[in-house]
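Look at the two complexes coming up: chain A is in both, with chain B in one and chain C in the other.
This part shows the complex of A and B:
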């Protein structure tokens, strides 16, 4: 697994590449928690190069969503393959985490003022 | 994946030490096997994930002492169906005995624990499970190409 980070208009884009599995999920979750603690409260996780995610990886996404929720921050995921999206759906994450098809749409969502 | 493509028949048997890094090796072998046998993406992903979660569970919770313990995983593609088998000497665990998770609770009340079991439990709608002695048998049959394109 590799993580690529970039800033665009105050939004942190985290592009995750490869397999977010039992061996790599700890590093993924720890980096997200660190970035949020450092003040990144609008985050887009681009999953277009994420080939595989298991429950350990899903926990990382949930931890990030909870951390941001507690800080009035926002998380939008984008670029998921159909297979990965099906897993997020299966575990009920599509109901609690914003997921959009493209990075452009994610950035548009994150640019909008927060809902009252 | 094109509609109607038929996967090749074949099988693989993998012997693992009961240690977490072995799960990564298992996943890589399953993916290679899946690609070479042209197993439809969704079927391969579901089976890989179910085997990954169950083997991880056996390694983490199956033994008093996992040293020297072996787990044998088999995958067979035959006549349009996919059958995965896990053989282990760990304590018996039936994922179907776990109740279905409540997915309607809001984000701040979603629990971090038990995601693996939730996932296995949910995958059972796609992958059937039964236990035979020391074997965990998982199977997923037919209709792959139709499902993929729906």
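This part shows the complex of A and C:
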């Protein structure tokens, strides 16, 4: 797994590449927590290069979502493949984390004033 | 042969150095010694030849001069008589005496006359002056006892009519000494008148020759024209032996009137020698100097042996230096290779005490030392991580035993219940523990079924699982409304901000009516398989995994089972099992397999699924827990008599 970070209009874009599984989930979660602690409160995680995520990896996403929620921040995921989307669907995370098809849409969402 | 053996042996460093430096050095030394000796021998030979040639010429000239003077005295006497200058006895004897007195180097001189030719009436007249005990003596040789007419010194020149040197002889009754005599005949008118002679004692030649020093062992000898030894170191041969009997080759050269130098046998010792020779008095005598080869070559031989010693010492030093250098290089290397073997055997604590003379080897030793040190560090790191890993594995196995101890594992689960046939299998993965299942009756007709998958692993996951199970049990009063129940459990699980969550299916089956209520919190939908083999995924509304997010509402589904229907619950460990090609087992494959489940017992079904997954995965390591729970509702059966009896 590799993580590429970029800033765009005050939004931190985290592009994930490879598998977020038992082996890499710890690193993934720790990095996200670190980035949030450093002050990134609007985060877009680009999952277009993410091949697979298991429950350990999902925990990383959940922790990020919780941390941002606690700080009035926002998290939007984008670019998911159908397989990955199905996993998020099954665990029910599509009901608690915003997931959009493209990065542009994600950035637009994050640019909006805080949703009601 | 020795060289070949040396070369054929697999050469170590010192042997190679000896062969490629030592042997050429030896050859070079040998060559130099050979060349220098040859040159020095040549030089010594040339010098010797020059030396003895000069010596023999000098000494021959001196002897020649002496003999010449002697012959002149005799000729003078003869001339004085022939010219008539001397006529009287008194006059002659005075002249003769004076001449002898003036020539101490000669033995004596005599004038001998034919019978009655000088003194009338005297048949024999031969006045003779000679040296004896440092004084000149006179003697009348013409006595009846000494008939000089018969003596060789008189008879032979008289016969030849010319002057000549005699053979050496002992002048018995005359000079009484070993001598040679030069006789000059003189005439009165045309008639032979007498003989003027001069004697030279051989002892005088012997003295003269004895003074000639030819090195330490060389010597001089003198022969006359017939080859007879006049003076010779071997007294037995003097006057007796002849040179041609001893060394004919030398005699051939010696008895000519030539001078020269030749290499031949030493007549005295019969060894190699240089002999220089020169004629005296036109070959009347010949002087020879003998210089033994052994002594001639002594300086060269000495030089040669000195060079051998020097070369030997030099070679020894060279070999020693080679040996020391080779050892100073090869010993540390040998020590290093020994140390490397030690390291290979695992001994990293050895102290490498290598003193290398050469910089390259020193660098090697330092690099080796650093390598060993680094290796040791790595080993310690590895040991540490291994310990950590062991601790983690210990933790995992603890988690696994917690997990396993929470699972009901006694089958048949409810032997007294004919309505329900239930079986479950859990196969924990090596690294992950988080699956669990549960089943229990909350009243006579109502059975709860739980299957769940805690995200995460280790002790935390196992504990979270225990908490979940406990909370489920604690909220059993709400079991008839699974949605309400999960909503409550979710709130309680969200009390702690652990980030942990559990996907879970909670089902309530009325074993009497077959009514099934269940609520799905983020879990894979179960299959409902009819007795005829129809499969249906109960993938109705599904909620968020428990513990993930608070303030969520869950919804339940209600289904009516037919007798023989089987509920198949499973975790994603089944559908996401990987084969060596990294493909998922998939829900589709499970659904296909379920087609063969009609009429099978719950245990047969769980085993069939587990078996098929194992076959699919082949050698690929199981990466996640795998849990299968099958519950077959057989419908209301006639109560067995025993139970009936018991009921009454």
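Observations, loosely collected:
Operating definition for what follows: the second predicted complex is superposed on the first by the 115 of 116 C-alpha atoms of A that agree within 3 Å, B and C clash if a C-alpha of one lies under 4 Å from a C-alpha of the other, contacts with A are read in each partner's own complex, and residues count from 1 in each chain.
The rule is short, and it goes like this: a contact is a pair of C-beta atoms (placed from the backbone, for glycine too) under 8 Å apart; a residue touches a chain by one contact, two chains touch by 3 or more.
Bear in mind the structure is a predicted one, so any value in this text is a computation, not a measurement.
Within the superposed three-chain model, A:63 lies in touch with chain B and with chain C [touch as defined at top]. Taking chain A as the reference chain, the count of touched residues is higher for B when chain B and chain C are set side by side.
Contact with chain B, but none with chain C, is seen for A:82 once the two complexes are overlaid on the shared chain. Contacts of A:39 after superposition on the shared chain: neither chain B nor chain C is touched.
Common to the chain B and chain C interfaces on chain A are residues 21-22, 54-56, 58-59, 62-63, 65-66, 90-92, 95-96. Interface residues of chain B facing chain A in the complex, by the touch rule stated above, are 20-21, 23-24, 27, 41-42, 45, 48-49, 52-53, 56, 101, 103-104, 106-108, 110, 112, 115-116, 118-119, 122-123.
Taken together, the chain A residues at the contact with chain C in this complex read 21-22, 29, 54-56, 58-59, 62-63, 65-66, 90-93, 95-96.
In the complex of the two chains, the chain C residues touching chain A come out as 431-432, 434, 453-457, 497, 499-501, 503, 521-524, 542-545, 548-549, 552, 572, 576, 623-624.
Taken in their complex, chain A has these residues touching chain B: 19, 21-23, 52, 54-56, 58-59, 62-63, 65-66, 69-70, 82-83, 86-87, 90-92, 95-97.
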